[in-house]
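Letters are used for the chains, namely A, B, C and D, taken in the order the chains are written, and counting of residues starts over at 1 for each.
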């Protein structure tokens, strides 16, 4: 089980801020494919990965990164702080 | 008659902050030569012109500038504001 | 180093004075304050969302890197989240150094990285609707100069 | 644009807040505060002399040039003269713009020019004596980047 978090318009499209996902996905990209296969709202949120960023256990990472040992995955658009 | 002002260590070496000078000097450099001929304290203050700056009527200028129409000449070391 | 991620308002002037008071050996203090601006006159609010588990950690990483690159006596970062009205302060950074060039460079570095690497997202609520603020290419490009 | 050359102390935080309040359309406010620093622990006072007839005019010229080069909502410059104790504020500048890059660049420009082109001279009074602060080559060199 892995905690998956969504922020900004990713959260709005998927409809929840976080959820627990039972997955054996090896990489972030695999997890994205699993989610997209679930429901259209995931398809809509993950339509263009170039518009998304991912953090693993609160560190910025990449879509081809391994999920081994990861407890928390967060998806969000490019940040707009400051 | 022209008002001549001195600041910082130039003022300290010459011993007065300002004085009126009766001069027909054509340029700043001419005025400096006149002053240096007066007394050793002027000689000491104007020994190295590269260490000095001059303003004519409150605008930074050069030692070869003309004094025509100028009412106030100020001599001082490089500025250290901020 | 002080990092505060908070919902509440803050007083930039009071923060600047408190910061300066703790760094009396440093001759140069630079501050940046970001204010909600209403460019077209139709802004109702700015909603700022963040990633609580990551935000402070990400900002601390940015501030650590700034302290590694420049000679800094201290760094302050305050960043708000929640719904802000036009004119409210969003965030501020302050840097103190013996050298003004270091204080300026570190403050600009902090701002560039906070813009694009700290997990905040802004939504503009206007009279005509609401929309997420898109990241600008020039903000990403700004990182390449460091 | 506000330029104040004064003997009296000022409160940087209060000045920053007052400045920000007048530029509500500008999202970015940068400030620089210069403080008398006691590098070697022996500083008794910093005496600042200026050229009253020229100072405000020179600073206004520098601020005008900054406003010509960058998009600025407003500029504030405060510079003190007289005898200051370690820890006292010497001067501050503040700039406001819609764009943080402009606010930063203008503040750095103002500082670089105030250092070398505004008619102030500093004398450090230490326990061992007093001496005029020499202009540094790097301050003159800093002007070449603009």
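Here is the rule we use: a residue touches a chain if its C-beta (ideal position, glycine included) is under 8 Å from a C-beta of that chain, and two chains touch if they have at least 3 such contacts.
The shown structure was predicted, so the numbers you read here are calculated from the model rather than taken from an experiment.
Shared contact partners of chain B and chain C, listed by label: D.
Our note on geometry: chain A versus chain C, Cα centroid distance of 26 Å, whole angstroms. In this assembly, the C-alpha centroid of chain A lies 72 Å from the C-alpha centroid of chain B. Put simply, the C-alpha centre of chain A and that of chain D have 48 angstrom between them. In chain A, the residues that touch at least two other chains are 82.
Annotation for chain D: residues touching 2 or more other chains are 34, 100, 111. Looking at which chains touch one another, you get A-C, B-D, C-D.
Contacts from chain D toward chain C in the complex involve residues 11-17, 20, 24-39, 86-87, 89, 98, 100-101, 103-104, 107-108, 111, 142. Contacts from chain C toward chain A in the complex involve residues 34, 49, 51, 53-54, 57-58, 79, 90-91, 111, 114-123, 132-135, 140. On chain B, the positions that touch chain D within their shared complex are 5, 7-9, 11, 55, 58-60, 72, 74, 76-82.
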